[in-house]
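Chains: A, B and C, in written order; residue numbering restarts at 1 for each.
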Amino acid sequence: PPTWGRGSLRLPSLPLAPCRAFSNNKILVELDESSGVATMKFKSPPVNSLSLDFLTEFCISLEKLENDRACRGVIFTSAVPKIFSSGLDITEMCGKSTEHYAEFWRAVQEMWLRLYGSNMVTVAAVNGSSPAGGCLVALSCDYRIMVENPKFSIGLNEAQLGIVAPFWFKDTFVNVVGHRVAERCLQLGSLLPAPEALKVGLVDELVPEEKLQEKAVAVMAQWLALPDHARQLTKSMMRKVVLDRLVAHREEDIQNFISFISKESIQKSLRMYMEMLKKKK
Amino acid sequence: PPTWGRGSLRLPSLPLAPCRAFSNNKILVELDESSGVATMKFKSPPVNSLSLDFLTEFCISLEKLENDRACRGVIFTSAVPKIFSSGLDITEMCGKSTEHYAEFWRAVQEMWLRLYGSNMVTVAAVNGSSPAGGCLVALSCDYRIMVENPKFSIGLNEAQLGIVAPFWFKDTFVNVVGHRVAERCLQLGSLLPAPEALKVGLVDELVPEEKLQEKAVAVMAQWLALPDHARQLTKSMMRKVVLDRLVAHREEDIQNFISFISKESIQKSLRMYMEMLKKKK
Amino acid sequence: PPTWGRGSLRLPSLPLAPCRAFSNNKILVELDESSGVATMKFKSPPVNSLSLDFLTEFCISLEKLENDRACRGVIFTSAVPKIFSSGLDITEMCGKSTEHYAEFWRAVQEMWLRLYGSNMVTVAAVNGSSPAGGCLVALSCDYRIMVENPKFSIGLNEAQLGIVAPFWFKDTFVNVVGHRVAERCLQLGSLLPAPEALKVGLVDELVPEEKLQEKAVAVMAQWLALPDHARQLTKSMMRKVVLDRLVAHREEDIQNFISFISKESIQKSLRMYMEMLKKKK
């Protein structure tokens, strides 16, 4: 069991030089060196979907910040109106090769391992809807603030698409809302409007949209007031069991994803879902 | 760990031909083929106690519905006024042979394994008090609606009788109300009036008695709106750990029950409890 | 898994003769033989810190009561105004020998193993602030009543001192408040004012200071109304997993404590903390 003085999770480094400030294609990263707080702003219209490119950029950006001694915390938010992130990009899961599915799924796992296991303080400033994988990003942070607009909803709604949230999505969810709420919401594929999300503890607080940035900065300051080392070891102690479970079953999880997603019935329901989304536009 | 594309729990079939509609001695089963929803109505006066006969009939009825493609969900309710189910039949545990205790306990286990692991949507429409094993039946469903009458109470009150709820009753309870509420209520053998039960999450909502049936049908419709396969896999992912624990320790659990229930001190306290119940009448 | 008829945790006895009533240096123990309820009153000014002497006396007193058939429950409270217990005595962790650290840590473990695993009903009557180890004492009881004064706070604030709560402090905390609240409060080292502590379930109820004793006695009577044997087995079933985890890793946990506490950086931050406390006076 994790205990006094144990090291926290350390993933192997990506082969990248550290860097102070950088912008990319799909994520805008800004680091305020005076406060030690970075902002990762998702700007991948129309809906910040978690494509392979997005995930790769996410992991590289997070790794850079993790290795940057000037950075102690990250705020995640969206530059796209009304949407935080729509979750996994369905086009990556439809009509592609087995190799592509494997690469994509490994990138999804990597994103979660790095975010849920981050040594930095992570705050989700949820300024729009956040279904499925978008919800996972928020759940993996240390604290979740959401805009109080009831039109914005959040949840692991995989079941509504005919698919099943992976066990580590579930573990992350249970750690936040407890077993009963997780069981009910996962089976129903519930997307909860912001006020409902607050009620079940899926988010920690609601604020008016114009106060979101300010609130995120204030919360971050509160968390950064703690000594890094003790806070990091504590976070690791709380999350290690769940992180280790995926690390131990990573290849098996990829194979399960591939065999599930390759089924004709699943491909068909994903195609239907995409058609529906196109019509909505 | 359970994950994408894993099958859900499948118990060995009972040797019974499937059948559309059937009535029995202690449970009335009605299947509405248009909606795919069955109702299992307990009609074993005076208190719907879970006798060996009742449990056998329960398992057979549930198995029939599980194997019936026309059935996707089951509502459990009582045909006896003021009582949902009084729980395990104490006469089955008093002054009987070791073989009888073993047979009875195996039937209790079987009931729970089939109900908690059911692939169908299960809704408890709790229209009366529901102590001990009656509470377990409700806890094992996907959703619990209770009549808002504060005279009706529900809980795992085994400790009040001088006995201990089995570990899998406890696991099921913890999965619904969390560790703290479970610890407190199990130690105190708490029977909670409906409003208290709602407060701690032991039931999901309260309705006036005359609205119970209508509400159960509405909730069922909401759950049946989800694709069966994804919902079933999700349910299995949430419940598998706890189901597997009993499957792995089933014979040991039977032996433990027998040696516990055979103690003279326990036999004595059960006899006293039965005397008290008789006087109450 | 624990189940029907399994024995509860039995620690090896301390080599002490049982005794009816006794007073000591740092803890006043009174046993009311008519009710079977003892009170352990902490009287180690200025702040009831858990020194090696205090812990040794605590374990001896608890063991005596545990072995005394006239005693069925214990109420823990403070004889020092405004403070329940300030937690582990930092002077025991600063500038001492490795042997001393080992002896001290073993005593901390022993206190928790005996209290969390006690067969008696344990009620914390929290009549003052209760940080860190003081909070652990309260968390390890069956029920927590706190004085409703918002100036009194409670919590596992180790992170604020630059140290990490041991895994079994964390396990005990999670069992009371759930994973999410524990994760947040442990990372922030939160000390919650009494009303906040009630809100997250860290304590079970608040009362005016003058009603505390009366309430503790009433709660104790409610718990003692249950048959001891069933209640004890139920308690053991709920707590065994977490108790066993420390028993299995006890020596490792001591070594971890020693190597952590021996670090110069930790020694320095503890010295600074003690300086700050002295200035406060």
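Quick notes on this structure:
Convention: a contact is a pair of C-beta atoms (placed from the backbone, for glycine too) under 8 Å apart; a residue touches a chain by one contact, two chains touch by 3 or more.
For each chain, UniProt lists the protein as follows: A, B, C = Enoyl-CoA delta isomerase 1, mitochondrial.
What you see is a predicted model, and the numbers here were worked out from it, not measured in a lab.
Interface of subunit A with subunit C: the two copies contact each other largely through different residue positions, with under half of all numbers used appearing on both sides. Copies subunit B and subunit C of the same sequence differ by a rotation of 120 degrees once their CA atoms are superposed, given in steps of 5. Centroid to centroid, with C-alpha atoms defining each point, subunit A and subunit C lie 37 Å apart. Annotation for subunit B: residues 178 touch two or more other chains. By the touch criterion given at the top, residues 1-6, 142-143, 174-178, 201, 204, 222-223, 226-227, 229-231, 233-235, 237-239 of subunit B touch subunit A in their complex. Interface residues of subunit A facing subunit B in the complex, by the touch rule stated above, are 158-167, 170, 178-180, 182-184, 186-189, 245, 249, 252-253, 256-257, 259-261, 263, 265, 269.
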